[in-house]
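So, here's a batch of structures to check.
Below are two complexes that have chain A in common, paired first with chain B and then with chain C.
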Partner chain A sequence: MTTRIDRRTEPERVAPAAGRRAPRGIAQRLVPFGYLSPTVLLIVVLMIVPIIMVIGYSFQDNVIVTDDSEFAGLANYAKVLSDPDFLVALKNTAVFITVSMVAHLLLGLAFAMMLNSKLLSGVTKALFRIVYILPWLFTIAVIAVIWRLLLDPAGVLNYILQTLGVAQSAVDWLGDPDKALWVVTFANVWSGYPFFMISLLAGLQGIPGDLYEAASVDGAGPVQKFLAVTLPQLRPVIISMAVLDLIWTSQQFALIWMMTGGGPLNSTEMLSTFTYKQAFSEYEFSTAAAAAVVVLMLTMILAFFYVRTQRER
Partner chain B sequence: MTSIRARRNLAKTGVIIGLIIGGLFAGLPVLWMLSTSFKANGEVFQNPPQLITKSFSLDAYTGILTNGVQLRFFANSYIVALSVTALTLLVAILAAYAFSRFTFPGRKTINAVIVSVQAVPPITLVIPYFGLVVALGLYNTYPGLILTHMVFTLPYAIIMTTAYLNTLPKELDESVKVDGGSSWTALWRILVPISVPGLIAVGVYTFMISWNEYLFALTLTRTDDMRTVPIGIQLLMGQHSYEWNQMMAMSILGSIPVLVLFLIFQRRFIGGLTSGAVKA
Partner chain C sequence: MAVTRLKRLIGAVTAAALVALVGACGSDDSGGAATGDGDGDVTLEFAQWWGAELPAGEFDKMIADFTAQNPNIKVKLLSAPYASTKQQLVTGAASKTLPDVVGLDGAWVNDFAKQGAIADLSKLMSDAKYDDSQLASQVKYKDATYMIPVVNFVYPLFVNQDLLTKAGVSKVPSTRTEFADAAKKLSTGNVKGWALPLDTAVPNGIQNDVMSWLWASGGSMLKDGKPNLQSPEVKSVVEYVKSLNDAGVIAPGLLTMKEQDKVEKFSTGQVGMMIDSLAHINLIKKNSPNLKFTVAPLPAEDSYTGKRGLPYASWGIGVSNSTKHKAEAFKLVQYLMSKDVNAQLSTIANGFPGNKTAQPDLSKSDPLFKTAFDIYQQGTPANEFTGLPKSEDLMRSFDEQLQLVLTNKSSVDDALAKAQESWSSVIE
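On to the complex of A and B.
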């Protein structure tokens, strides 16, 4: 449909022309939906239908593996929510995502501020920026094998710790239930901080210089400038990055699956690995679906906050 | 003056020391991966560890590159990631055009759905996907992987592309319409050609997501001729022995496409990314 009408002014058009223009107007109105139709179709097929399916599975027994599934009410939910392994997974996930998010933020902010320093030349900063972004450019499978190599009882980290006298004997980082959760969290911190750093760096570069000059005139030192100018200016970026990071980290599966498989003794079991095992190791697709719906609800709460922080800006 | 200069020098030294410590934290693990890929497998855990050993060789790389199974993993990853990138860009351009240039009922709702799709956990989707893909006969096929990857790539691509189109003045496409062209013409003749820098950023990001995807590749494929590189790396953690040197060589070979794309398009990519994440 070719027309010169600016869509935004169309509703104010006066009645007389309406009779002749009506068909054209309807077609015109449909144009944006035409452009959106592939997206809408994909979202329905890949998102709406699957979510309805998984909710359906969660109220049935014997889904996927057999044809004679029957309505099971809330039995699957009761089973999942009373499963001690699920509760451990919930606790581990909470620790994992909170510690990761705080560490991502602190490291990302520290590195971004160093990279934004006016004391250094552009070339130096560009070089360091590439090094700092490196961990983020590797796929999680690679991150997992790098850290398994470094953390091996015979590996280079244990060698360094023993040489420095920090550790008496080789530490089995991933084999010790007291340490494994912290170790996988550390690997996740290493791989994830650059995304914070990039966004915070862009945020820092967007702070008007005269705000700092005004603070200098008022006699503010570096710490006061940081608290009075930098942090308040970065606040919106920090909040939306933090929520986004909680969402992403809660979905982390590959890193844990490849580093520990959820072990030893469930010490690194996450909601994602728990659900995966229910489905693809135990073939309990019904309980897996119930767990998956619980995970979805928890994520939606976070997503709600994310959408709200985006709207506020 | 001198005291100010002295203080500046002190601060500068402090920042440089901080940067170096951070650089070691970020870079040493990567360096160790590189060094291990050049070792013989028996020397990986030698004591004391050495960065470069006497047996320095490319054997681990030739081992990967002459093995048909491993090469197939790479071919699969390229086929899937490139298809996902092309399809995502096509669908995202159309959707972004609608969001950027039209007002229509339901605009806000559809936009909110797209934003929240990003938050839906893959582990929730993988269970119905498994059911769906098996039912549709797409289990262990490329289309099964390509379609499911798009659920991650599409929302971000739409948000980034919309943000990019919004930076282009509306007069550009209006001028086509004044000349009697349709909105379709305006999109493909005017907007898409001048959006190439933004679309490259979107494409690179899309390629990265698909290239790195693990959970769907693990659950929706079964045989070695359909597996992708991340699964291939995991498969090297074999049943009998760990081929550490080959694992690291494969990790590096598997990371090269993303590293190269990132280094070439760094500026555009970071710009597009932050405009998508921070302002969208």
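On to the complex of A and C.
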């Protein structure tokens, strides 16, 4: 008693059944699109459409302010890229994001290692964890106000420096063109390192202890363990965080605007403040759009590296 | 293959649906923010920053009175701080979606009118047979009115009388020489004579604290409507400010100082004198109840004997050009400019009325308002930035040149030449 399947007849038996299931199959295939549609709608409305509009504006003249704007080719890009203020803003932004990222990384790593250390008790770690994370809890507006007050020529910092005899007279931290960029960078470092710290702490806690034990067996000291175990294990987190931080910091606007407004003498002018002034002060929406597209392109380069590192992982 | 085609089809249909939905969300054929509810009622949107600056609920009460008098008109107040309102209106003007009635600063009028975002009020006044002779002033663009100042805030000289007495200065300075002398005497220890906010984010220090010296002596930064920054009068102002800075009588941090920092420094006795809005009297008294201070006309050039110019800023009002309910919108304007309402609004705002026939109730105000009202009536309100195109940008470019002068990176002549060049490209 064996059952023999005649393969030649199989399609004839299956076909009607498949035909009956076809409408249900389309409905099933539509379900994922239904789930996706709110997100897709939001992305299209809030990202794709505005980006396309801004790119379109960058190729026209007198957009928004007049109804009869015309195609201007690359004129707006030429104007922006030859504007000395834009070049100053580009240089300042490069310094601001690079120094911020490096300082975020070093401070975040140092504090994360301290909080991951076995030398401190649980209570001490909890206390420092709260203290270190405090800057992250403040909004940018509060951070700007706090640092403006602290750094005022008649503020707390100058009082301390003068009382200790470190400074003979009040230092104009934000009003001095030679110091202002470094001061706003410092405020940005202060406000942003906790995110690095938390991420790196999570990375440190994920490193298997047997790697350190193996290193100890091989006779490695603390420095060698850090270089041969900790850093390689943290590498994916560090690279991701560094690239993301460069992207986020390049978009920093509120802190700069509220602390210095890009001054004094353009010493803290960033691409974000430059673009804002073009749009909302000079009503030059075409050049503002061109500047925004340049910023978008620069950010896309960073985003490309971020995506690539994520794929490698 | 069939499945791929089906996926493509579904993708295309989804995309088309999204585009249609976006189009539906974006389209607005109502022509403005006002809505009608079908039974003849109109709801007007009124965006302004006044509600945020007045005592809580006061402005809502006034608007409630208007809606009680006009039962077919409802008003939805969109009150936000000045900076947020400005940004909202700039965006609204650009997209032709301004609220029906808008609070305006004179500095925005030229650009909004040029964009066609705000309505010609001359026509609305004519249509409503409104008598505009009662208006103290009107802000025009190409001979048509686009903004009516509702309440005016003057900027006199604030003087800390205790500090002045302590410094041995018996009289409130009235001339530039007297001011410089008083500022020098006041500048001892941590106290400085004067505060000059030159922050470039909001560069109105150029209007209120620098050009005010020019207007006080009857000078002008324009000639026949064109920039005239290389005139001897403007040069003397810049040289005077530089001399004060060189003498070390200006509070440090001026290059990034904001208006609120200036008021804070005056309130805490860190500076003896400042030029500031009368609207800040209550704030100063609230923060420093024991501070003894007065207000005075701005010092003028020693030889000047004419009427003193007094800088001012206004809460102006305008109507959206895209609203379908211009007549109803203008009724709200008329109501706010009417004699009693305008007087009441000026009183609670601590400003001076935009209606010439309205009298603020000074009996309920601080005595300093009476002093300031006298100064206002004896002087000439002056603000040449009102109605100029890109006025904030003009202030910023002048600010940057002034900063170069004060940091000895440019001569006064070079700075004024560059500012003139920059302004000339804007004011054609």
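As a working rule, the second predicted complex is superposed on the first by the 296 of 313 C-alpha atoms of A that agree within 3 Å, B and C clash if a C-alpha of one lies under 4 Å from a C-alpha of the other, contacts with A are read in each partner's own complex, and residues count from 1 in each chain.
Definition applied: a contact is a pair of C-beta atoms (placed from the backbone, for glycine too) under 8 Å apart; a residue touches a chain by one contact, two chains touch by 3 or more.
These numbers come from a predicted model, not from an experiment.
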Report task. Applying the touch criterion given at the start, work out whether A:Phe280 contacts chain B, chain C, both or neither, answering first, second, both or neither. Result -> both
Report task. Please indicate which partner A:Phe138 is in contact with in the superposed arrangement: first for chain B, second for chain C, both, or neither. Result -> first
Report task. In the overlay, answer first, second, both or neither for which of chain B and chain C A:Gln310 touches. Result -> first
Report task. In the overlay, work out which of chain B or chain C sits against more residues of chain A. Result -> B
**Report entry** Which of chain B and chain C A:Leu174 touches, first, second, both or neither
**Finding:** second
Report task. Mind working out whether A:Val31 is in touch with chain B, chain C, both or neither, as first, second, both or neither? Result -> first
Query raised in the report: Is A:Gly262 in contact with chain B, with chain C, with both, or with neither (first, second, both, neither)?
Result: second
Query raised in the report: After lining up the shared chain so the two structures overlap, which partner does A:Val40 touch, if you call chain B first and chain C second: first, second, both or neither?
Result: both
Query raised in the report: Thinking of the overlay built on chain A, is A:Ile64 touched by chain B (first), by chain C (second), by both, or by neither?
Result: both
Report task. Show which residues of chain A both chain B and chain C reach, each in its own complex. Result -> 29, 33, 40, 45, 49, 64, 148, 152, 154, 257-258, 280, 285
Query - Residue numbers on chain C that touch chain A, as the complex places them - result: 6-7, 10-11, 14, 17-18, 21-22, 25, 86-87, 90, 94-95, 111, 114-116, 190, 198-202, 251-257, 261, 265, 270, 390, 392-393, 396, 400, 403-404, 407, 409
Query raised in the report: In the complex of these two chains, what residues of chain A are touching chain B?
Result: 1-4, 6-8, 29, 31-33, 35-36, 38-40, 42-43, 45-47, 49-51, 53-54, 57, 63-64, 110-111, 114-115, 117, 119-120, 124, 128, 130-135, 137-142, 145-150, 152, 154-156, 159, 163, 190, 194, 198-199, 202-203, 237, 240-241, 244, 247, 250-251, 253-254, 257-258, 271-272, 275-276, 279-280, 285, 288-289, 292-293, 295-296, 299-300, 302-303, 306-307, 310, 313
Query - chain C partner contacts - residues on chain A that touch it in the complex - result: 26, 29-30, 33, 37, 40-41, 44-45, 49, 64-67, 148, 152-154, 170, 172, 174-175, 177, 180, 257-266, 277, 280-283, 285
Query - chain B residues touching chain A - in the complex, by the definition given at the top - result: 8, 11-12, 15-16, 18-19, 22-23, 25-27, 29-30, 32-33, 36, 44-45, 47-49, 90-92, 94-95, 97-98, 102-104, 107, 110, 112-132, 134, 147-148, 150-151, 154, 158, 174, 177-178, 180-183, 211-212, 214-215, 219, 229-231, 233-234, 237, 244, 247-248, 251, 254-255, 258-259, 262-263, 266, 270, 273-274, 277-280
